[in-house]
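One structure, pasted below without further comment.
Chain naming follows the written order as A, B, C, D and E, and within any one chain the residues start at number 1.
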């Protein structure tokens, strides 16, 4: 360890560290522009100069490049230092008057631009981008070119660089934000829509899926990550101080033996663009309720500001349309999605909170507000928030003069209404999550024509399925609001606990039994079994010697369908409860 | 009235017989040609239907008296819990003439009679037997599988038949024949034929039977069987046996049967069906114990029964050498060969 | 004294006897739904409930005919919807082959029906039974399926 | 009526034939006793009173019982011919007919034809000491004879009964076993196989042959009647030899599969004998003459 | 030397070698015998007896039926003489775990067809050269031309008839059945320890040889062989009542080939149609 003094403070530092690193570790702030811990120092910008006042040769040295020495005494804000920085900044300000960080630092050090040719380049020639590209990314896509005032940062021959990966490390690291990688990069640099915000904003390949995500850790989107596309970059790995990046990590199939499965796959929204009359997807100001939800969210794309996507200005008139796809026998779904009435009312309130002078209209079929305090809530929206509820359907939405004309019927007054709206919010139907049929078939549970999963009995066994050990919770079963989902989830959880709290499993006795005397061990039954419940069993005599191998049905896995029994030619498998003699008697009785 | 008397039949005696007997309300059963190569006993009303040339019928004569399946009784469970039982009526009393079985099959009825009429008299068998007259046609061309002479029979054997018919022309039946009356029943049959048969002229003798080599000696066989129960011969002998019942079902002397109920929920029949000692389940107890668990022990039983047990019990061999079992054997096995080997073993 | 069913067949009131094998989860529930929905259908059908159409052994069908059925129906879940994943697929394959076999042996294939009826299809069930009953009535009593010979074997 | 144990195989000539049409008499189940988990004793009475009065049989004979629709099965008559007016059989559930019979209720009608077969040589047994050795359901035929002898107690010498089963719950006729135990002129030894005893069990624990040897009945002027599982019989015979019993004085009864009961169907044929006609009762010396196919 | 004599010599030599080297304990083959309609099976346990082995056009039998006989199994490792068509039965037995490949030795014999006519199966044979055998003997033989067309001719001839004609035909044929079960016993694939007809609780198939019981028996047997029958024709050959059982089996085999592109016994790894399914199976005829 090396002892030295910085700003009269005794500190210890590892040998080989720079003064800058040692100071930063000690909590002493030394400004710099061209330094980054992941990039070898060059001492290019001279902002980090400090004064050696003792213990060595006195003078100004760049803190980012000067190694610690035993007994060194350093001042970081001495007059000489400040003067030096002021001069440096003055020169920089002259060259790059537009760079925000330079403006700020210049102001801090009281630097005035020197009277020379005013530059218009934000680049301060620190070369950090060149170093990161060469030393960290290893590509050397950017370099210095020219001499004197001709000197600039560019790609070889000013052409888009074939070696550029488009990683953006240069842009990321540039202290003044002077680099647009699109200038250099031959690869298309697409923006990635942020799914959580319904694509209303973008995100980087490395991102945290949504603010409440658990665990709240960033992840790499492999499909968009330069490293996974080209094999290069790895900038994040170089930069990450915690060394947390592991490109070799892959998605895993996790196999767990479980005693119960709760299916809670939730819902998706019906895609309203099938209804051309509403113009969703064509008119930017026609949004779905979930998009609206994100817009008014403080963590959303507009940080809670409600603006029209087309103009960025708050909408003064918003029309909410309920039952988009729901309760529509033809061209839609016959069922009521149950939650739309209530969230639309909530949205009307939120809207008024965001846009005080705005007017909300709601087109509805019926207001279904069965639930504790639900009806009162809707009444409040109508009375206190002055939302206009119109009973009827909207026939057409079309743009006109920067607005959307919503033409619909008010069936209560029997009139045609036309509203010039600045935003239209659609409340699409709830549909089961994609892939639900595959899942249901995998789990051998029933589903209805829409894909909602079937409970074992609508009244008596509402959270169980016909497959023992599989339970349902939430909107995978039917449209549900949050309290209903929580209630069902609680019920499912308690069913699971009830199931696994016993030492032994109680199940229906309807299972296959093999007659070991007559089993031929052809194992054709194995092929017929959808549950993998059939396997070989060794029969042993008293001495423990294997006398025969026969089929064995695992009574925990068998569901009692009987496909094996039909496949068995020697009729060596009986299904309890549907035994051959029982069925024989039943068939005999048909002849009475 | 003396039996063993010879009569001559004129060339159309057969046609006349069928017509006369049918007209008298009798049932005439005769060998008829079915599919190519297959002759079986069926009811006929005209002599034209009768097969002209045949070695033997595919199915043995026994089925006429001991059908492959027959109803013993019918029952019905009534609503009040009672059961109504109706014993199947005995076969109708109209007379049956079997016209043209082979001497071996007729002889086999002697074996059948023994078992169905000892101690208990099987009335169903008895009724069918009593009403039937057996008119056998002597064999002219025994088939290569025939071995009647080895078991005490002959292509011209008398035993069992009421009348034995010898063809004097080439055919079995069509031309001029000599009818030998063996029993009173046979006499009655002759009487019914009227002028189509007449006492044979003096000196007319039946033709001599065709040559049929004697292949083994039943006394030697019996002697070996007396000691040979535990011989390893049986295992070797039985290896190729597939355990089917073709030999037994086609055998004119095999008589094992099963009694089963066949019913819907409230009514049904109790039936008697042919069964076979070669079947693995034949002797299986409900407990799972099987006194004859291996195929060889069942093969042994079949041979022992025919050539040792039955003779000991009833005084005659339960085999007439018709050769059906050899013709029917799926594996090409031959009872005659087995017995020839047994004979050879006994004789060293 | 002991009559066979056909002794009574030729009356004007003749009703076909249809034996139906229904899977527990779809078709039986569908028939149940038809009842709950107060849909009526002919009483000619005699239902035997099984866990799955895949449990229908061809012997059941054979035995039903032996016992005097004029028509046999097997009904299960629609393809893909089997409670046991694939029982109905197994049934479809086996019973098609069985129908072909019976037809080959001269048994009228119209006497053997197969249908998909889901738990939600009470209306389909009642309509189906109406239709097949009408067809069975048209086909008339199934006399051709062999009974045990009344007379003894002629061999 | 059948004859007892022919010394010479029967032929058709030596007596009048009995007509046989295989029909069954109807009998009503008068009572059912659950002996063990799979054995029930049925008491049957003839539906036709006249038939009932004419019915006579001897201990050791059997009959063909039928449940209409299921078929016929053979069981020995388990009650004593000295007890008139009814007949009993004990049936272990094993196959189709026995399974159906177990489903029957009191009042149901079953079929019966019989009695068939020979019987225990009770005339030879008079004045002799009797040793009954039974195992499991094999007590049923012995029970007929035991009660027969007990009902004519003064005609016999000492009577000893050795009976065992796999476990206490497998013992049949439990009440009667207790009655025999209480009788002063009958020595009754009951046993269960090791492991089959219960805490309350007061009898012996051990296999029947071992217990028989311990009981050590005298071979003098004695006749043994035994019935049980084949393996038990085998070891009982060895024990009896040790105890000095001759083969002639040991009788047992065979249970071959039968269909006709009258020496025709061929199933019970063993050697030149028909178990249904020449048996089911055989002396041990007779059995030794037979092929071992029973 | 005639081809038959040279085949016999190779068979005898092969079998004698296997037996003397202890490779097998038993060789099952054919013993052609003068004056017989059928060359019966022979069970050879010593090199000397191997001289009895031979092969000619009377070797109808499918000897694979003996491979699972308990007595044969007791004797130890067994070699069996198989024709190309018999190998198909062996393949099914392997597929259904009845026998293990390591327990048997297959001596294939190239066959130019059996029977006088020859048999139908031989005129449509496409497997005269035995596949998958440990040893193959005999001279090369030609496959008959156009084998595939006539493969199911017996079934097709009946298919062309009307329903009533077929009913009439089969009633007459099946009424002949005497329930001797020779068809079952000779079938290499009827290896059930307890045949369904022998299960009495309940008695699905009536044992009486009346028309009802006979139809049930033959339907159930045909169904149990559907997708398994290799068309060896043994059942039809041995039927003492000459019932054309082959036509029924052909019908089912044709269905399997038409619907599922499946021919049984072509390899031991195949999966039988009735142990699996396809979601694409036809819904035709389903209401």
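What we mean here is this: contacts are C-beta pairs under 8 Å (C-beta built on N, C-alpha and C of every residue); 3 or more make two chains touch, one makes a residue touch a chain.
Which protein is which chain? UniProt says A = 4Fe-4S dicluster domain-containing protein; B, E = 4Fe-4S ferredoxin-type domain-containing protein; D = FAD-binding FR-type domain-containing protein.
A quick note: this is a predicted structure, and the numbers were derived from the prediction, not measured.
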Chains touching both subunit B and subunit C, listed by label: A, E
Moving only between chains that touch, what is the shortest number of steps from subunit B to subunit E? 1
Smallest count of steps, each to a touching chain, taking subunit C to subunit E: 1
So which chain is farthest from subunit E, going by the mean of the CA atoms in each chain? A
Between the pairs A-B and A-C, the one where more C-beta pairs touch: A-C
Relative to subunit C, which chain's C-alpha centre is the most remote? A
In whole angstrom, the CA-centroid distance of subunit A from subunit E equals 63
Distance in whole angstrom between the CA centres of subunit C and subunit D is 49
Approximately how many whole Å separate the CA-defined centres of subunit B and subunit D? 38
Could you check subunit A for residues that touch two or more other chains and list them? 517, 528, 567, 584-585, 588, 591
Sites on subunit D at which at least two other chains make contact: 95
For subunit C, give me the residues that contact two or more of the other chains. 63, 67-68, 80, 86, 90, 94, 148-149, 153, 155
Can you check the complex and tell me which residues of subunit A touch subunit E? 517-524, 526-528, 567, 569-572, 580-581, 584-585
Per the touch rule, the subunit C residues reaching subunit A in their complex are 5, 17, 19, 25, 46, 48, 50-52, 54-57, 60, 63-64, 67-69, 80-87, 90, 94, 119-120
Could you list, by residue number, the parts of subunit B that touch subunit D in their complex? 72-73, 75, 77, 81-83, 85, 87, 90, 114-124, 229, 255-261, 263, 265, 268, 270, 272, 275, 277, 282-287, 289, 291-292, 297, 301, 304-305, 308-310, 312-315
In their shared complex, at which residues does subunit B touch subunit A? 263-266, 288
Subunit D touches which residues of subunit E in the complex? 200-203
